[in-house]
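My structure is below; once you've seen it, I'll send some questions.
Chains here go by letter, A, B, C, D and E, matching the order in which they are written, and residues are numbered from 1 within each.
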Amino acid sequence: MKKEVKNEKAKKYGMVIDLDKCTGCGACMVACMSENNVPFKEDESNKLDSIAWMRVYKLTNGKPFPEADICYLPRPCMHCEGHNGHAPCVSVCPATATDYNHETGIVSQIYTRCFGCRYCMVACPYHARYFNWWDPVWPEGMEKYLNPDVSPRMRGVVEKCSFCFHRYQTAMNKAYVEGRRKLEEDEYQTSCAQACPADAITFGDLNDPAHAVHQIAKPDLKHGGRSSNPNAFRLLERLGTNPKVYYLSSREWVRRAGDNYLKKDKTVKKLH
Amino acid sequence: MSRLIEEKGKESESGGFIILFFILGLAASLVLGWGVFPKLLYSQKKQPIDFNHVLHVEAVEEGCESCHFFREDGSFSGLPKLAQCVDCHEEIQGEDPNEVKFVEEFVANEREVPWLVYAEQPDCVFFSHAAHVKMGKMECVLCHGHIGESSHSRVYEENRVTGYSRDIWGKNISGLKKNTWDRMKMDDCAECHAKNKIGYDKTSMETLPWPLNWALLPYEKQIGPKARVQAKKDACFVCHK
Amino acid sequence: MFPFSFEWVWDMAHLIFMGGLWYALSILGAGMTYCIIKTIIDTNKGKGCHH
Amino acid sequence: MKIGRRSFLSFIIGGAAGTALSPLAWKSMDDSSIWSQNWPWTPVPADGEVSHVNSVCTLCPGGCGITVRKVDDRAVKIEGMKGHPVNDGGVCILGLSALQLLYGPTRVKAPLKRVGERGEEKWQEISWSEAVAEVAAKLGDLRSKGKSHTVCSILDSDKGTVPYLFGRLLTVYGSPNFIRTPSIQDSYELAINLMHGVQASAGFDVEHADFVLSFGSGLIDGWGSPVRMFKANSNWKDSGSKVVQIEPRLSNTAAKSDKWIPINPGTEVALAMGLAHVIIKESLYDSDFVNNYSSGFDKFKQLVLDKYNPDNVAQITGVDSSALVSLARNFAHASKPLAVCGRGQGKTQGSLDEFIAVHALNALVGNINSEGGVWAVPDPDYIKWPEVEMDSVAAVGMQKERIDGAGSETYPYARYLLNRFSGVVNSEEESPVNALFVAGANPLYTISDSKAVKEAFSKIPFVVSFSSYMDETAKNADLILPNHVFLERYEDVPMPVGLQKHVIGLSRPVVKPQFNTKHVGDVIILIAKALGGRIADAFPWDNYEACLEETLGDKWESIVENGFWSDPDFKVPASEEAFNTPSGKFEFIPANLKSPLDFSPVTIEGSDISYPLILVPYDSMRLANGFIGNPPFITKTVEDTVLKGKDVFVEINPKTAEEIGLIEGRYVDIRTPRGKAKVRVHLFDGIMPGIVALPRGLGHTAYDKYIAGKGINFNELIGPVEDPVSGFDAAWGIRARLTKV
Amino acid sequence: MDSALMSRGVKRCPTWQFILWLCLFGGVLLWGVYAILLIWLKGLNQTNMNDNYGFALWIWADLGVIALGGGAFFTGFLKYVVGKDDLKNIINYAVIIGFICYSSALLILAIDVGQPLRSWFIFWHANVHSMLTEVAFCLSCYFAVLTIEFIPLILENRQIDKVPFFHNLSHNMHKVMAVFAATGAFLSFFHQGSLGGTPSVLFGRPFSYREGLLIWPWTFFLFTWSAAAYGPCFTLFVTRITEKVTKKKLVKQNTIDLLAKISGWMIATYIIAKIIDTWYWATVTAPSKGFAFMDFYSNNPLYGIWILVLEIVVCGIVPAIILLTPKGRNNSVALFIAVTLGCIGVLLNRWVMVLQVVAMPVMTFDKWVMYIPSWQEVATTILPVAYGIIVLMITYRYLPIFPQEQELNPNP
C-alpha cells in the first residue's frame, strides 16, 4: 500500500526574467504589492525602509553620454537553494521561521513565528528581505482591498516574496476537488509574472522539461543549476547561493553586472 | 481573619500547622486555577440564531453538502451565506421564534447573519478542506465533532486573551483531549499527520521507542489509501500564510 | 526544543546542540539543587550560627 | 510572628504548587503566546467566495480590459483581461493600483458645495437633488440672460456616450463650447484630416511593423495604449524587428531600442525632412503609392531636396550625416517600416509640421493604411441618437464663436484648443465663461502654465467638477458632483488610443458605489430634465444605463458578456477610396492649408543668455500624469533618484553639472520664464549636455497626503507655445537656469 | 550611615558622595530606560536601522560587551580549570564585570528584536543550524553561570552573611564553584565562537564569510581566542580605573602581572592567527567570489584600509608587545595604554564584523550605505555603561570583592 502512494517528483519553481523585454514599468512591483497586502506609508522614498518584495533596480553601464546605457532588473526573492536547501537565510533563522521546501523549492516566511532578529536580512545578499519597521496601517476603507489569501504582517517581523505560494495552494485546492495532484503550468503563476505587460517574466517548474522556464533557463543540475543558455545568468551565482531566478540579457555588460568579477575574470559561465 | 491566623499561630508552633497552610494555599490555588480561571478566561456568547442542524439535515436533499460544499475553484464554502438560505427561507416557515427572527432581521434586511464560527482559525493558518476531505477522504467529524447532529446551537465561548473560540484551543481546560475534535491546535494537526504519514520520511515518530512516541494517541480513524500526508519538517508554508 | 515537539528531528544537529543545552542546564540545575539541599541540611544541623 | 511568617510562606508555596498543577499558568502562557502572534490590531481580511468580473480600465485612454478579482463584495485585485484585443492579459502599474483609488481617502464621498473661499476646502455636503437643482438654476439663469454660449465643458474625451451626452446638453442648451483636453490625438487627427481628407484617429499596426522609427515617442514609457506597446515591444524583440529612438535623453524607450540617436531637442522635424531627402534622392520611396495615390509629391520633393540635405540637417539636429543617411536607407529598406511621433506619452499636442513631416515619411514608404503602418481609423459609428431639436436660444448660442477660438478664422483647423483657454479668459476684464463643467479632466494640474490656468479658473463665476477625487480642479470648484469610479459604473469606452481596430470596451460596476456618488451620465440627464423644454426632450432616457443599453443595441449582450465588442470586419478602405482630399489622393502638401508649412523646429520660450539650459519634461510609467493622481503603490515604486522626501530631482549631464559646480543630490533653484522651483540634481549620463529634465506627474497640491506635496508640477514651469498654423501648443521644453541654494 | 552594610576594616566614601554619584549615573540609566520604553512601545522605527542595516549599533554593542566580558570566563577557566590560584584576587571583580556585560547583552537583545514577546521562540522553536541559536543557548546558560558565581559574592555581604542559611549557601556554592566555572568556560568557548560564526557563516556576505572546520568557520575560533585575549584586558582596565577612582591599590601587582602576561600571550597568538586568516581570506576566499581585497576598503566614506591597520597593528601587535615585556607590564602607564588599546581593538573587530559586513554592497549595482544611530540607540547603548558603573559602585561599597584590599590598605 505504501508503494501505491509514491511521492511525485519534487518540483522546483523558478523564474526567468528577460531583461531585454523588461521596460522597467514597475507593474510587477505593484502587482506584487496588491496581491500580497504589502503596506505603504506616506513617504516611501527612503528605499531602505520601503517594503517591496519585488524591487526593480536600475542598472547603468557607467559610460558617459552618448554611450550611456541603462537596464532594469526586477529582483524578487531568489528562493535560493544553496547547497541542498541551505539558502543563506534559511539556515541562519534561529526560530525556524523560514524554511526551504524541497517539494516546491520555495523559501517560506512565517510571520507569526518570526520574532524579528533580522539575521536573515543580514544573510541575504540580494536585500530581498524586508523588515516591518512600522505597524501596517491602511487608510480608512482601504483595508477592503486586502487579499484574504495572504495574511497582513505585523510590525517587527521580516517579510519577503513567497512566489505567491498562496496561489499554489488555491490551485492545488482546485486540482484536489477535480481529483488531481498535478498542476498545469498556467494554473500556478505568480502575480508579477501574470501582470507583466511585457511578458518578460516566465514562471514555472524548473524541473519540468515541459515548462517554459526549464526550456529557456536550461538549468544544468549537475552544476548547481547553472544555465546553459548563453544569455542567461543568475545574480551572484559565484557566492553559491544557487538562486532560482534566471535573467536573460543580450548585453554583456548587463550579464557582467549580475555578479562580482575581478578585473582579469571573464564573465564566466562556469562556477569553478 | 488575620487575627485568627496569628492566634492560631501562637497556639501551635508545630510543623503540622505549617502544613495546614500549605494545604490551604494549594486548595485555594487549585480552585482558582481549575474553577474560577476558566470562567474568567472565556466569555459566553450566544449565536444570533439558534440553529437546528438535525432539522436542516432532514429537510435538505444532499445532506451536509447542501450547505457546506466545495466551490468549483476548490475552496470550501464554510458557513452558507444568506443567499443560500433565502432559497428556502424567503418567507417565514413555521412558528419557531428563531425562524421569525431570521427572516425578519436578516432575510428582510438582506443582512448576513453574524455567525460565531467555532472552528475559526487565526489568520496565519492555511487549511485546505479539499486536501483533507477530497484527497484524504477524512470525515468532517474528525475535526468538527458531531455538530451536524445538534438541534441547538452551543454557546460560543470566546477566549478573552486570544479572541478565538474555545473549540480551537481546547475544550478541556487541562489541555487533554478525549476526542480528536476536542482541540484544533497546530500540535493536533501535527499529531494526526505524524500518525498517518506514509513512509517516505525516515524520521518517522512511530518507529521511536516509548516515551518518544507518546504523542500518538490511540484513536481509530483511518485515512484513505490514496492519502499523501504532509509530514516533512521543511514545509511551514503548507499550513501557514 | 523537546523531543516530543513535532518540530523535533532525530539528527546529529539536534543531538549535539540540544544535547549540549540540556547537559549544561542539568549541570547547573543539579549543582544548584545540591547546594541548596546541602545548605538546608547544614543549616538545620546548626552550622554557620557563629553568633 | 515568626510562625505567622512561616505559615504565610507555606501558604505561598502551597499556592505556587497548586497553580503549577492547575491550568492557570500554562494556559495563560499559551494564550498570551497566541495573542503575541496574532495582534488584534493587524487587520484580518475576510475570506469569502472568489469571483471575477471583466471590465475596462478608464484611467488612461489606453482602454485595457481588466479582470477584477472579488472576494464576496470586495474587489481585491485587478488583473489584465486575457484575450482582450488591446492588452491580452497584461496590465499596467496604474490599472493595478486602481483599487487604491476606489477605496482610497482621496474620494469625494458626496456632492459638495463650497462654503469658504475657492480652494479653501471648506465644503458643505448637499443632497443630489439640491445639487442638480443648483446647477439647473444656474444654467437656466444664464440661458434666460442670453448667455448660454458662455457655458463651457472640459472633458478628457469626445468619444463615447458620456462625452456625447455632454455635447448634446451643450448643443440643445445653446453653447458650442465643448473642449477636449489636449494630446497628440489632436495633431494626428489634424494631420490625417489635412493629408487624407477624412476625420479619423491614427491607428498604428505596431504588431506587424518591422522597423519602428520613433521621433521621441515613449513607446514603452506610456505612449499610445501602454500595455499594448509593451507587448509590441516584446514582439519586436522576439521577431528581430528594429527600433530606432530619436531623442536627446536616454529614456527607457531609448535604452530598450536597438539604436538610440540623440538629437538636439525640438529638431525632430528637420531630421524627418532629412530622412525624406535621402529617401527621395536615392529613390527609395514606394513609387506605387507615391505615383498612384498621392498628390503634391513634386512640390514636397522640391522642398525637401532644396532645404534638407543631410549636411544641413546634421547641423540643425546634431545627428551625424552619415548616421542620418544609413538610418534613411534602413528605414526605407525595411519591409514594414513605421515612423511615429509625439513626445513621451504624447500628453501635449506638438507642432503640426512635425506630424505632417513624419506622416509624409510613412507615406513615402507606402505604409499608409497598410499592414504594419499607420491607419486612419474613423470613430465607430454606434451612437445613433435622434437629432436634437434646438429652440431659438440654443440656435443663437450655437452660432457664437467658441471661447478657445477653435474653428475660427484664425484657427480654422483645430477642433479644441484648451491651451488657449486661460489666455482668453485672462485677457478679458470679465470672464467670457460664466459656467464651467469639468469631467474626467484636471486642467488645473495638466495644462501648462498652471498659474495662468488657476487665475482663469478663479475668474469663472461657476465651476462644477464631476471628479470622483478631490483633485486640483475639484478643490477649486464651487460644486463637486462626484462621479462613480470606473469600477462602480457602466460606461462605454470606444477606441483605445492608437489602435487600428474598432473596439468598444465596457466599464461596468464591479462593486456597489462605495459612497454617495452618482454616475455623471445620470446627472447630465437629470440636469437636462430639470431645465425642461427642448432640453429635456433631447434626453428621452430614464437614466444613463437605459441610454447606454439602447445605444449599444444589439451589441449590448455580447459586450456585457465579454467586456468588450470588437468589429471583426473592420477594414480601412483601400488607397483608391481612402482619401477625401480635393485631389482625392494622399496630399504631401495639404491643399486645404491656407499658409504653407515651413517645417522648421519650434522655438521655445526664453532667451539663451539668461536661461543657458533647456528644460524638457520626461514621462514615466511610474508616474501617472494625466487627470489621475498617482496612487500610493505607484509612488512607492518611484526611484529615490527621482523623488526623495518631498524633493524632485532634475536630471543633468555630469559634464553640465561640473560646469555649474553641482554634485549629486545638490539643492538648486530651477528658473524658467514661467516659474521657479527648488529641486535637487541627479547626475545622469544619459542626458545630453546642456539639457535638464524633470518628470511629469509630481507636484500635486490636492488629493490626499499620499499624493500631495511631493515634488513639483512640471506645468508650473512651462507655458504654451502656439503652433502658427493649428493653434496647438507646440512647446516641447523651455529655457531654464539652475542656481545653487 | 550605611556602614553596617560594609565589610569590616575597609574605608568607603561618605554616603552623600555615594548617593550623588549614584544619582548622576542613575540619570543616564533613566535616559536609557526611557529610550527602551519608546522602542518597546513604538517599535524599531525609533532607531536608524533599516533594511540594509538589520544589524547595527546594538549587535555591535552586544558582541562588544560579550568580548569584553570574556575576562570572566577566561579568568575562571585559568583559576578553576588550569589552577592559577593567584587569580583569586581578581576573579571576583572579573565575575562582576562579566555579569554586567552579559546582563547588558541580554537586555540589548531584548530591545533589538522586533517582537520581544516572542523571543523565547529561539528556545522553543530552535533551529539548531543557526549560529544565533547557539549564541542564545550558550549566552543564557552562561549568564546563569555568572549569576551563580555572583550569588556567593552577594551572600558575603556582612549583614547577609549573618543569616546562617545564606552563610552556608555561600560556603557550599564556593565548594562546587569549579564545576560551575568549568561549565561556564565550556559554554563560553562555544558562544564566543558562535558569535564569531554569526557573520562568518553568511556565504552571501563575502566580507565576513570564512571557510573553516566542519560547521565552524575560522572566526569561530578567532572570536573565542580574542575574547580570551582581550577580556582580561578589560578586567585589568576596569580594575585600574577603580583603583584610580578609589585612590587605592586593590590588587597586588603579581596578580595583575600574571593576568597581563597571559593576556599578552593570548593577544600575540591571536594576532598571528588573525593575520593568517585575513591573508587567506584576502587571497583565496574573497577572490573566488569575485572580490579583490581592496574592494572591501574602497569606494566608501568610512571603511578604509586604516581600519585593518588600526585593528591588527595598533590594537594588536602593540599591546601584545607591551604585555609580553616585563618592563611594559610593570610600567603602569604602558600597561594601561596596552589594555586600553586591547579593548579598542576587540571592539573595533566586532564593529567591523557587524557594521562593515552590512555596509558593504554585494550586488554590483548596490551601493555602500552609511548609518548614524538614532539617539534612542545611543541612549540604550550607553545605558549598560551607567548600569555597569552603578553595579560596580554598589558591589565595591558593600561586598568584599578584593581580598587583598585590607592588606594593601591597612587602616591607619
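Going forward, a residue touches a chain if its C-beta (ideal position, glycine included) is under 8 Å from a C-beta of that chain, and two chains touch if they have at least 3 such contacts.
Here the structure is a predicted model, which is why all the values come from computation and not from measurement.
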| item | value |
| --- | --- |
| Between chain C and chain D, the fewest steps along chains that touch one another | 2 |
| Contact-graph distance - origin chain C, target chain E | 1 |
| Chain closest to the middle, measuring from C-alpha centroids that were averaged per chain | A |
| Of A-B and A-D, whichever chain pair has more C-beta contact pairs | A-D |
| Between chain B and chain D, centroid-to-centroid distance (C-alpha), Å | 55 |
| Distance between chain centroids, defined by C-alpha means - chain A, chain C (Å) | 46 |
| Cα-centroid distance, chain B relative to chain E, in whole angstrom | 50 |
| Intercentroid distance (Cα basis), chain E paired with chain D, Å | 63 |
| Of all residues in chain E, the ones touching two or more other chains | 115, 118, 125-126, 129, 133 |
| Per-residue overlap in chain A, given as positions that touch at least 2 other chains | 46, 50, 58, 60, 96-97, 112-113, 135, 151-152, 154 |
| Multi-partner residues of chain B (at least 2 other chains) | 73, 75, 122-124, 233 |
| Pairs of chains in contact (touch as defined earlier), listed by label | A-B, A-D, A-E, B-C, B-D, C-E, D-E |
| List of chain D residues in touch with chain E within their complex | 32-33, 36-37 |
| Complex contact set, residues of chain A against chain E | 46, 48-50, 57-60, 73, 82, 86, 88, 91-97, 113-119, 121-127, 129-135, 154-158, 235-236, 238-241, 256-263, 265 |
| Of chain A, residues touching chain B in the complex | 1-2, 4-5, 7, 85, 96-103, 106, 108, 110-113, 149-152, 162, 165-166, 169-179, 181 |
| Interfacial residue positions of chain E with respect to chain D in the complex | 115, 117-118 |
| Chain B residues within the chain D interface of the complex | 5-6, 9-10, 12-13, 17-19, 21-30, 32-34, 37-38, 41, 71, 73, 75, 77-78, 81, 122-124, 159, 161-164, 169-170, 173-175 |
